[in-house]
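Before anything else, here is the set of structures, which you'll find just below.
Each of the next two complexes has subunit A plus one other chain: subunit B in the first, subunit C in the second.
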Partner chain A sequence: MELEKTVIPEGLRYSRGHVWAAFENGLCVLGWTDYIQQNAGDVNYVELPEPGKRVEKDQEFGTIETSKWVDRLYSPIAGEVVASNREVLQRPELINQAPFGEGWLVLLRVDTAVESPTLLSPDEYAAYVQTCEER
Partner chain B sequence: MLPDSLQSWDTVVAFDLGSLLDAARELSWAIHGRRLDCFIPGRMVYMGERGEYPMVSLTADACALNCDHCSRKILKSMVPAPDPDALKTVCRQLDAEGNAGVLLSGGANGAGALPWEPFLETIRWVKENTGLKISIHSGIIDAEMALQLREAGIDQVLIDVVGSEETIRRVYHLPGGLTAMKASLNAWAATKLPLIPHIAVGLHYGRIQGEMEALEMVAQHAIASLVVVVLNPLRETPMADRPPPAPETVARFIAAARLRMPTVPIALSCGRPSGLHRVETDCLALRAGVNRIAMPAQGALEQAREMGLAIAFHKTCCSRIS
Partner chain C sequence: MASPDTVRLSTAAAMTLGFQRGKFYRNAKLGCINLLMEYDHGCRANCLYCGQASGVAEGPECKSLIRVAWPSYPLTKVIAATRKAAERDPFIQRVCVSALTSPEAPKDLVRIVQAVKAGTGLRVSTLITPTVFTREDMACIRAAGAENITVAVDAATVELFDALRGSVTGGLHRWARYMEGIADAVSVMGNGARAVGVHLIIGLGESEEEAVRFIQGCYDRGARVHLFSFYPEKKAALQNRSQPPISQYRRIQLARHLIDRGLSRFDAMRFEGGRLTAFGLPQEEVLAILRGGTPFMTTGCSGCNRPYANETPSQALEGKLRNYPFAPNPQDIGMIESQIVERVME
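What follows is the complex of A and B.
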């Protein structure tokens, strides 16, 4: 799905904090969405948790800085960190260049196979992005 | 023993860092009190909060200078309003959204000037019909235009000051050089508007060159505050691979500025490197007695609390307290 210039891939789930989530076999990959990376600008710095760390739903799992954005990253799901993307720590521009690919952030082993009902489908996220644009 | 003012960078670096910062901080606290004002400028986002002082470009992303530290990238992050009607529409909307003010900026022509003349009437309209404060990012200006902008109702003036002829020519590609820059400062000083010079540490491809001269240039005027910017090498610019100045270098400059201008509030700009550099710079700046920080690092906020500073946040440009 494309919303003007924003890419919203099918098959993923989205949080209102503009984090995408990809679920498979009890694991979940999280990343920053295309919409937010375009709005926040060049990512200069990202801080991610070490493997083994617990992450709670709606709690901070890292921080991210661009030239006009300094904020925490919030996980839309609870779980244990299996891996953090070491490459984006060295090359944060990957989050801009490939937000759904090489720019992924963390891999979690999720607590439950049931996806959080607060996560949005691509259509719902597209509608949410529209409201963000109108603000 | 520290002198009252430090005239050259060689003198500044000759002092023990701790002693220099201690002297500057004690002077700062004695005059300005133990407080730290923090800012979320523009429409920047900081810990879930958004700034309410958007930057508007009067030239969209056009700029004849194409400076080496920017290459028009900064313009692309601004709200475009390249003609008077667009400016009126943008300001009407920003006012309706509850913003506190706008920073009018934009690209320059080959002489370093912004196209103020066509926008004068609209600026007057904005002041008469909205609640927005208007800050302007001046560029090179002559005395007559400075007066016309004052009459149009602008509230304050931000101006970049560079003290090295070579830096002005190589980085800004500005033919008028120091003469034009000093004339612009004089023009604004004559208006008596609140004047907030910005000095970028490391603008000369990461090196110190002319910062102390810039400090001396601004110290000749009654300025409202001084904003210290730190070179943040941007991607896809000629400075992308240059290292920014070290946090210690920034702190030394802040200390020198404090000792040179004890009563002037000093702000650390939103324009500075991210990550660990930001943490270290902000913490050292606090030790140098900086009064204002835009988008402060969390570590610096913790340090400020440990220092017993009263902390306040403002959703505006660091040049103004809302």
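What follows is the complex of A and C.
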């Protein structure tokens, strides 16, 4: 089955775990990329951390589930959870419908203003997605 | 939209055939394409644990069955996609067609079986209800090319059957006719051919003793038993009922396996207060069989593995995968062993 055209917005950073990150003023929003939401199927359940929880780089911060699949969500950056998107807990389909908008997952107050070197630029993520497709 | 021109696909089948996007946890693969017949009036039965029950199904658009949605497609499209998918991946080895309780179902099922058989060349199983399928209908299904006939009895005792899908619910099904139906199917398909199956759902209110007694009875009639673990379907009457404890399900899986392989029998096993306490074999033998993992794989016609049909993927992630759609690995075996908990005794 061919995937629809994958959206990879400029101005974001991406992890190899298919999480996008948007940085601004010491805060970082994390979400699920368009590539993985297309690939995984319709999300029917997501588990997110409570505000105040500390998340380390590459540490699990939640899980996401479709009818036949589940995966853990790993944070590409360390920080403290400021907020989790309560809306997607009630309407997980938002993660499929608007992965870069209403379907955001968590807001972190990050430890450092310096972005993690393991985060990918949009072009790097596009190349990574290509290798995922070729596997 | 109606059969035989259209059928519904399980979510797993829709994903496997490329009609729907999605991934399988742990890269599970589907070995049997599951189809469900459909009619504008829906299913005439009213089984309280089923999302297709006439009392709750909200008409033909209700698509829920066994935890997932079942989208509708033209049969010709499904057959073409199945043929291509099976050519690409020989892991796909069978198609199963489930009939609704409806007077048109017997003749329509024959047409579907013929079309699927001719169009795919794969083995075909059928799931029928003796309420509307006679022995003659079953003979026609066999003549159409079906290699297996399965009867979804689901409940282990007549009392539960009546309470959940029979006279008490205002449903159409009757235990006596279902038992006759098993006999009809064995007569048509051949005793000893292991071509007749019976579905049993664990967790509807039966004791372990009742479940194992029922399983033995089926085997003594010439039918094999395929196990399901109850999962509360949204909007079904039993939506608030809990899943059975996994330890209970594991014991039944093991008992069923021993009976299926002729290694033990109900009358050799021991029960206390309805709970299975001994399997009728020396402990070391039982443990060796347990540690092989096979008893805990999905049971059904060959190729039927129904990935994540009785638990959410999140439950599977936690080690509570009830029917393994693939061979359990050593870590899985360790988890299974801890779930059975009690020492298996001679």
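As a working rule, the second predicted complex is superposed on the first by the 131 of 135 C-alpha atoms of A that agree within 3 Å, B and C clash if a C-alpha of one lies under 4 Å from a C-alpha of the other, contacts with A are read in each partner's own complex, and residues count from 1 in each chain.
The criterion applied here is as follows: a residue touches a chain if its C-beta (ideal position, glycine included) is under 8 Å from a C-beta of that chain, and two chains touch if they have at least 3 such contacts.
Note that the coordinates shown come from a computational prediction; the quantities given were computed from them, not determined experimentally.
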Subunit B versus subunit C as contact partner of A:T112, first or second or both or neither: neither
Subunit B versus subunit C as contact partner of A:E93, first or second or both or neither: first
Partner chain(s) touched by A:Q38 [first = subunit B, second = subunit C, both, neither]: second
First (subunit B), second (subunit C), both or neither touched by A:V70: both
Common interface positions of subunit A, toward subunit B and toward subunit C: 40-42, 45, 47, 65-72
Subunit B-touching residues of subunit A, taken from the complex the two chains share: 40-42, 44-45, 47, 65-72, 93, 135
Subunit C-facing residues of subunit A, complex: 1, 3, 38-42, 45, 47, 63, 65-72
Contact set on subunit C toward subunit A in their complex: 11-12, 15, 18, 20-25, 28, 67-69, 307-308, 312-314, 316-317
For the subunit B and subunit A complex, residues of the former touching the latter: 42-48, 77, 97, 232, 234-235, 270-271, 273-276, 278, 295
